[in-house]
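Look for chain A in each of the two complexes below; its partner is chain B in the first and chain C in the second.
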Partner chain A sequence: MELATDIWVWVAAILTLFVYSFLIKDNPLYKFAEHAMGGLGVGYWTAVLFYNVIIPDFWEPLTIAIRKLSMTPQNFDAFMAREGFSQMPQIMQDFSPGVSILLLLLPAIIGLLLFTRYIPKIAWISRFSLAFYLGAASGIAIPNTFQTRILEQLRGTIVQDAPDGSVVPLFSFDAWRDFFAAPGIETFFDAISGPLLILGVVCTLSYFFFSKEHKGILGGMARIGIWFLMIGFGASFGYTVMGRVSLLIGRVQFLLTDWLGVAG
Partner chain B sequence: MTGREKTLATAALLIGLLLPVSVFAQTGEEYLYPLVDLPPAQPMGVIAEDHPNDSGEQINLSWTLSIDDPRRGRGRGNVIAYQILRKPAEVEGAEFTLIDQISAGVGFYSDTTCEPDESYIYRIGASNGKSIGYSDPTAPIVSASHFFHSGRWNALIGVLLLSGLLIYFIYSARQGKELFIRRIAGLDAVEEALGRATEMGKPILYVSGLSPINDVATIASVNILGQVARKAAVYEIRLIVPCYDPIVMAVEREVVKEAYLDVGRPDAYNSNDVFFVTQSQFAYAAAVNGIMMREKPATNFYMGKFFAESLILAETGASTGAIQIAGTDAVVQIPFFITACDYCIMGEELYAASAYMSREPLLLGGLKGQDWAKYIVGALILIGVVTSFFTTWFAELFNVT
Partner chain C sequence: MKKLLQKLLVLDRRWIFLVIGLVVIIALVAPCTTSIGITTPVQSFYDIIDNAEKDKPVLVSFDLGPSTLPELEPMLRAVVRHAFLNDVQIIATAMLIQAPGIAERILVEVTEELNEEFEDQGIDRRIEMGKDWVFLGFRAGVAAVMLGIGEEIRNVYPTDYYGTYLDDVPMMQNIHNYYDMSAVVTVSGTQIPESWVMYAGGPSGVPVLVGVTAVMAPNFYAYLQTGQMAGMLGGLKGASEYERLMDYDGMATKGMIAQLWVHVTIVIFILLGNVAYFVTRSGKKKRLSVQR
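After this line comes the complex of A and B, so read on.
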């Protein structure tokens, strides 16, 4: 047994035990770990966003654009060299300095309007920012969602891309011919996987019809659909639990090896 | 001719005979080539093409490898790299400048540093490290910016069709047409769960997932929160909403406030109950767990997009004895919610929830429109499967490039 001498290994190990103490019951040690994690998380992300977004995407381009407008070319070049800017910001490569300033200030103002929430009399102004953000986000999300969740899945239910680059039907008579020529587990699954997938998609889709009562043919299809869903969820559950167990093993290994030095 | 002259003539003849032999390599194929520093053979057939469906920043180049490229297995095999040279076509007297260098054996390159709608001329140089064999310059090529992506017309038609259906059914619902919606067990339980919280005098916890506001699941969750907040305001139950995303928090505050106003209880609204926690996944899970253990909510709602924290939250909630209703479109997390929650709303049901709960014609019309879109998708799959026996043309209509 060789205890760790690195202070940070001790900190990590003790915090890990604090978090695991929640398994017994809520207690002050867990509360400490919880609040430390929360506070550090907020602090960390604030710093990350400040240095990775506000400074390079807003402050630096704005400063450069203002200097470009207000300085002589020689002084501007000297400023760029002094500040260590090797090239123009992307926005200034695409637009003039004046337009760049406008394009930088507009989103900044929209963002700042969110803070009007703290002044009750003008709090309604913050709704403009939210409306703009929601509208823009939905506008971007809808076509992409339509492509990935509808069109590509629709195609994937009809045909598949073969390894040689050709496109072959999912329901293939050739696979059945192979199965009857050489019956076996592998050829059986090759033959049945396509039709099963088509049946699963159509029946699962029918489960999500809301404007018709699930009776008759639709009811039968919906019941098959829910079976497909549950089988899928069961497989996914098992797969993910295995992943979680490996995370636990990783943590226990850390405690035993890095901290206590009794294993490995 | 004197003896001396004869000797000199013989020596000159010998040198003349031996020199070529000594200059030419002595072994194998190299025997054919002189050992002088000639540039490699130039790449042939250089083609420059505008990259389709982009914003005008890319030109694709392709060429036949130099005969001296080792990959061709002929020639001297001494090409070590290809140089990509470019010059603007419309600037008189402009010189070719080197924009990149790629290794031998590669006969294509994508220049992604073009200015939109500018015209360029390219040439490719085969380099052996000492000298370069340049190809002929290409014809001028414009890196055109394209307004419409011709590979996505199917998405355009689909979105227009879906929008048309939605508008039609919303219009029909507004005209007073009765629209039926089947029972959704998980959503029927919302009323029961709120009633339980009222009886116990305990708060409700509403977790709207970890995605930003542009996620469809978060938008659906915010809509459901509005309905839950209305009922909470009516029953005078405290509603706790810990938020992962600051923008989602701002939207949710608005939604909850609006709900309390709508039912005439603005005094009951407490903005401090809709609060930001942190944007660190497991720190957020730890904080919500703490809230569950200390506030002991009677009902926990988990609506939106969840990731690995789903089971941690749902298990803790179950251990506190709360009635739990979860809804997510994250397929991997649904099994955990099914296992640990009392009711689970799956995928599309989440999007239907706000319409189902509010029974507002506008939302019901939208739901009916979505159902019709599903009928069309089902029909297209069946048509596609039948036609795929003969041709894959129909399926390729849905291919997105």
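After this line comes the complex of A and C, so read on.
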């Protein structure tokens, strides 16, 4: 047993115990850890965003562009050398200093307008920023989402890529022929997996088809769909249990190894 | 016996917490061995890193926060270690704001571990930042960053995390976009792997390998079936399989032993609960029928 000598390991260990004290019952120690976590998180986020986004993406290019406009070439070169900038910011490689300033200020102003939500009388102005953001995000996301989630998934329900690079149908007669030629677990699963996947997709979609009453063939398919859904939920739940247990194991590993030094 | 079963039905859940906690502690303090089978998604993941071309780096995106570290850190350590041992360079990025500190720590620790091992074994080799790996840090705007890397990585990351221009980083001399990379690895407990498929794998064809928390894993199996994801590590089990393939006893292998015993304990609790429920229910039914 070799106790940790690092003060921060002790802080982390004690806060971990504070959090787990909630398992006994809600208490001030747990609340302290919870609030400390929230406060530290906000502080950390603010600092990282400021130094990784505001400074390199906005402040540095803006000050360089302003100096480029206001200084003589010799003084500007001396400024760049003094500040350690061996390259012009990307935006100034593509645009003139004046246009760069405009292109930097425009998104900054759009961003600042979001804060008008704090002033009820002019809160409506923030909608312009949100509309711009949603429009840009949708423009980027819609074509790619359609391709990834719909077209490729649809293709994956009809055909599959064989190891030799060829495209074969998901319902493959060759796979069944292979199974009957050499019956075994592997050939059986190769043959059954494609049809099972098609059946699962069609029946599960049938369950969510509400334009017709679930009777007759549609009702039967919907019932099979429920089975596929339940198996899916079961697998998800199993994975969730494993995930939560992993988090506990990770914390106990930290307490035993890093803090108490009893497990290697 | 029946009284005992009735007591089980109203057992204070804190006893269950205590038992689970003790099982984890015992399994970690006095570990035994367990066999870990290798699944196809993990094997595919491993094969792509193992066969990556030496002059084409792997982009490893640390898209995780502290809350998912126990599951995802073993994966990252194993993948980074595997790449370095195979002379495959790593371009590290972070799409989540919480990730830069974690990413830097893992890269530095694995580098130090391997350099110590090389020294102990008398191998004349050193892993170095700039030659074997570069850490680019965090940039806001997930989709825009991924699309930007597809055009020219310098447009999104003019400098690395420490402020060195990418043109001055030796390993980045001929690297411009996904076409110059062997694969994209994303390790996350969020939906970000799906974004890598949408904005990197889909447009450029670069293989996307994902390491995800167990909770997220079922969401991504559809992408494996279609080939949009070339390999996947799901939770601690996926990480332990990867460690087995590397023949390396890391954090995941040790954790899986505890995981195994906790699962056994949970199954026992479920069985006991069901037995208690059905036995006491049949007793209640009999009493009801006698009263009628």
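The rule is simple: the second predicted complex is superposed on the first by the 255 of 264 C-alpha atoms of A that agree within 3 Å, B and C clash if a C-alpha of one lies under 4 Å from a C-alpha of the other, contacts with A are read in each partner's own complex, and residues count from 1 in each chain.
FYI, contacts are C-beta pairs under 8 Å (C-beta built on N, C-alpha and C of every residue); 3 or more make two chains touch, one makes a residue touch a chain.
All values derive from a computational prediction rather than experimental measurement.
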Touched partner set for A:248, first chain B, second chain C, both or neither: second
First (chain B), second (chain C), both or neither touched by A:197: second
Which of chain B and chain C A:262 touches, first, second, both or neither: second
Contacts of A:86 with chain B and chain C, given as first, second, both or neither: second
Chain B versus chain C, judged by how many residues of chain A each one touches: B
First (chain B), second (chain C), both or neither touched by A:26: first
Touching partner for A:71 - first (chain B), second (chain C), both, neither: neither
Touched partner set for A:169, first chain B, second chain C, both or neither: first
Touching partner for A:13 - first (chain B), second (chain C), both, neither: neither
Touched partner set for A:53, first chain B, second chain C, both or neither: second
Chain A positions touched by chain B in one structure and by chain C in the second: 41, 44-45, 137, 140-141, 145, 147, 152, 155, 232, 236, 240
Chain A-touching residues of chain C, taken from the complex the two chains share: 14, 17, 20-21, 24-25, 28-29, 31, 67-71, 73, 97-98, 100, 137-140, 143-144, 147, 154-155, 158-159, 165, 167-168, 194, 197-199, 202-203, 213-215, 217-218, 222, 225-228, 234-237, 251, 254-255, 258-259, 262-263, 266
Chain B partner contacts - residues on chain A that touch it in the complex: 19, 22, 25-26, 30-31, 33-34, 37-42, 44-45, 114, 117, 126-127, 130, 133-134, 137-138, 140-143, 145-147, 150-152, 154-155, 157-159, 167-171, 173, 198, 201-202, 205-206, 208-214, 229, 232-234, 236-237, 240, 244
Residue numbers on chain A that touch chain C, as the complex places them: 23-24, 41, 44-45, 48-49, 52-53, 56-57, 86-87, 89-90, 137, 140-141, 144-145, 147-148, 152-153, 155-156, 160-161, 197, 232, 235-236, 239-243, 245-253, 256, 262-263
Residues of chain B touching chain A in the complex: 152, 154-156, 158-159, 162, 179-182, 184, 212-216, 219, 247, 250-251, 253-254, 277-280, 282-284, 286-287, 289-290, 293-294, 308, 311, 331-332, 334-336, 338-339, 346-349, 352, 356, 367-368, 370-371, 374-375, 377-378, 380-382, 384-385, 388-389, 392, 394-396, 398-400
